[in-house]
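One chain, chain A, links the two complexes that follow: it is found with chain B in the first and with chain C in the second.
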Partner chain A sequence: MKTIRNWLLGAGLVAVAPLALAAETGFTLETVDPEADRLALQEFYQKRFPGVPVEEYVNGIYAVDPPSREQWDALMEFPPYEFDLEEGKVLFETPFANGKTYADCFENGGIGIRHKYPYWNKEEGTVKTLEQEINECREANGEEPLRWKKGAIAQISAYMAWTSRGKTFDIEIPEDDPRALQAYLDGKQFFYAKRGQLNLSCANCHLQGSRVLIRADLPGPMLGQPTHFPVYRSKWGEIGTLHRRYEGCHRDSRSVPLPPQSEEFRKLEYFQTYMSNGLVVNGPGARK
Partner chain B sequence: MKKSTLTLLAALTLASGVAQAETFQEVFNKHRAMYGKGHEFTYEGKTYQTYHPEEVEAMAEPSRDNAEALVASAEAKRQDAAAVGYEWRFTGRILKQAQEALAEERYQDAMDLAAQAKYQARMAIQQQAYAEENWHLAVPE
Partner chain C sequence: MRRLTALICVATAVTAVSGPVAAASQEEMIELGRAVYHDKTRGNCISCHNINDPVANLPGNQGPMMVAMKQRYPDKRKLRAQVWDATVANPLSIMPPIGKHWILSEEEIDAVVEYIYQY
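Up next, the complex of A and B:
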C-alpha cells in the first residue's frame, strides 16, 4: 500500500486529487489570489521533489533530474550563449541611425531591469514584455522591428538579462486596475486548459508530467520556467526567446500555435513569471 | 442503410447536453474506439452504428455540389475553432487536401477528407467549451 501511495505521489496523482476543493476558489476575477497560487505551486513541487530547494527551480529540469544535471554541468563549462552575449552587448550599445540607443528607451539605461518584465501597462491596458519594448524602442527611433523568435532580439534580450543576473523577480499585479488581474487569470487558464488533438495542457506535462518520460523527453517543472530566458537550446543550435519555446510547446499538443508576442502568450508569460516571483534572473540560459 | 442512418442522426441530436444522452455518447465512444467506424451496437434496445455525423454526411451522393457543400461547411467549422483559439494542428492541411481532391473531381475523396476536418473542428470547439468549464480542476490548491 505504501509503495503504491509513493508511486502515485511520484506520478503527481495524489497531489492533484483534491478537486472538489479546488473548484471553490481562485478561478474567477473575484476569487483569484495570485499569491496563494504561487505558494500552492511551490508546495506542489516541494511535495513532488522533496529536498530540492525552491531557488534551484531556476534550473528547470536540471533542478530535479540528477542524470540530466550531470550532462548540463559539463555543457556549462563553456556556456554556449557566450557569443550571443557579446553580440547582444554590441547591438545594445550601437547607436541607431538617429544617434540614440536602446539605453534611451529604458529605465536605468536598460541595465539591470529584466526582473521587472513582463509588467502590466495601465495606459495601454496590456501586458508588456521585454522583447516587445525592444522592438518598440527601435520603431520609435525609426528602425525596422526585429523578428520575434531568434537572432538579434534574443541576443539583445540576453545581454539585458545578463546585466540583471541575481536580481529577484518581482512581478506586480496592480490592484487599482482589475484588467491586470484578469490578464493574470487568463494566463493561468491558458496554462491549465487542455487543448489540441492530443488533449494536453501545459500542466499535463509540466506539473503532473514533470520528470515523467513523455516519448523521449523529460518535461521540467513549471516553477521557474521563464527565469533564464532567452535560452541557447542545443536542439535549435542557437539562441531563442521564451515565446519561441511557447510556440513549440503549444504545437506539441497538436494545436495550431499562437504567434510569438500574441496577447495570450504575453498573459501566459505574466502568469508564469508571477509564479517565479522570489526567484532570481539567471538568463541567458542553456538547455538541451 | 438509410433507415439506420436516420435513427443515428436522431440519436446524435439528442446526445447534445443532458446526462442520459451522455451515456449514449459514452457507449458510442467505447464502440468507436474498439471497432472503428461502421460498427453496429445497441443502446436501450435500439441499433446504432458508430459513424460520426460528418461521416454520415460524407455518405451522400459523391457529386460536385455535395462535395463543395461539405468542404465549405468544414472550412466554416475550422474557422469557428480558430476563432476560439483551439484549432488543431492538421485540420487546415486536411482541408487543403479536400480542396485539391475537389479540384481534381475526386468527389468522394473530397467528402471524406472534409468530413474528417469538420469532425476535428467540431471536437476542438467542444474541447474549448469543456476546458472553459473544467480547467480549474487541474490547479493545485
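Up next, the complex of A and C:
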C-alpha cells in the first residue's frame, strides 16, 4: 500500500514538474533559473501562436505572419546577403601582414563555431562575442580593429555564421562561476527594463507586442531573434551586426544608445542567445 | 520715464498676444488634437490606436481603438490622466507616458483629449 502511495505521489510530482518549470523565474540570483526561463518563453509562444513549431522561430516575424512570409520568400529567391558572404570568405581567408589568418585565432579554424557565441570567459570575467574576438584576432596580429557595426566585420561574421548553419545554439552558463549567472541576469533585466523617453522595454514590443501592428510594422518574436545575425536589412540596404540593430532599437524608442560591444549589450546578447538555445544557426539573414 | 513707458508697452503687447492662445475655441482645440494625433513627429497616437477618422493612415493596434470614449471615460479628467501617464494604471503598459516624459505639451494633451473624446 505504502509503495503504491509513494508511486502515486512520485507520478504526481512528475506531472507537476513541467508546469513548475514553465514559470518565469524572476530577477534575483536566488530565484533565477535560465533553463526554466527558456522553457517558459517557448511555452509563451506556443500559446500565443498555436501550431507554429519552435524550430520555425529562427525566421522571426516570418514564422508567425503568413503575409510577411510571402514577401520574404520572394526576397529570398536571391538572398541579398550573397555578395557579403563571398566578400566575407575572401576577407576571412586573406592572410594578415604577418602571414597568419583568422583561422589561427579560433577553434576548428573558425569553421562551424558560431553556435557557441557569445560565451562566458572565466579568465577575463566577461561575455565574449564573435565580433569582439574577430577584432581581438586582428589586434593580436598587428592589424587595426574593424569598425563594429557594418562592412568587413559583418561580412566576416556572416561567413563564419554561414559555415555553422544548422548547428544548434548551445550557450552555457557555467555553474562554477556565479558571475556568469549574474551576466545572464543583467541581460535579462536589460531586456525587461523600461528606458528612454518612450518608456519602452525590449519586452514591450518583442514579447507582449510580437506581431501586433506599430503603424505598418510588426515586431518580431523574441524567441529566435539572435540566430540569424548578422543581417542584411532592406532598410539599411546593407549588412550589419546585432549591436548595430540594438543601437537602432534604442534610437527608435528615443533612448540614448550604448556603444556597440559595450558590456551591457554583450550581456543582453548572452541572455537573448541563451533563450534561443536549441534553435539552429541560420545567419546571415535577410529582414525588412 | 521713457524706459518705463516702453516697458509698459511691451507688457501690454505680450498680454495681448498670449491672451487669445489661452482661449482657443473648441474647434481649434480639436483641430490641433487631430494634427498631433496623426503626426509622426508629434503624438503619433495613430501608430498604436486606430480611430474612425478619414485621415487615419496605416493605424497600428498595440492599443485599443478610440471608440466609445465617453462611455469608457465618463470623467474626461481620467482620460487625460491616462494619456499623461498610463503607467499609473499599469506599470508594464507599452503606452509612453506622454505628459510625464514631456513627449507632448500640456496644451497638446488637452487638445488630443478633446479630439478623441468625440469618438
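One rule holds for everything that comes next: the second predicted complex is superposed on the first by the 263 of 288 C-alpha atoms of A that agree within 3 Å, B and C clash if a C-alpha of one lies under 4 Å from a C-alpha of the other, contacts with A are read in each partner's own complex, and residues count from 1 in each chain.
The rule we apply is simple: a contact is a pair of C-beta atoms (placed from the backbone, for glycine too) under 8 Å apart; a residue touches a chain by one contact, two chains touch by 3 or more.
Keep in mind it's a predicted model, so treat the numbers as computed, not measured.
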Go through the superposed model and pick first if A:199 touches only chain B, second if only chain C, both, or neither.
both
Per the overlay, which chain contacts more chain A residues, chain B or chain C?
B
After superposition on the shared chain, which partner residues are touched by A:209: those of chain B (first), chain C (second), both, or neither?
second
First, second, both or neither for A:37, with chain B first and chain C second:
first
Determine where on chain A the residues touched by chain B overlap those touched by chain C, and list them.
197, 199, 204, 208
Of all residues in chain A, those that touch chain C in their complex
197-200, 204-205, 208-209, 212-216
Can you check the complex and tell me which residues of chain B touch chain A?
82, 85-92, 120, 127-128, 130-132, 135-141
Under the definition above, what is the set of chain C residues touching chain A in their complex?
44, 46-48, 58-62, 87, 92, 94, 96-97, 101-103
Interfacial residue positions of chain A with respect to chain B in the complex:
15-16, 18-19, 21-23, 25-27, 37, 40-41, 43-44, 188-189, 192-197, 199, 201, 203-204, 207-208, 251, 254-256, 258, 264
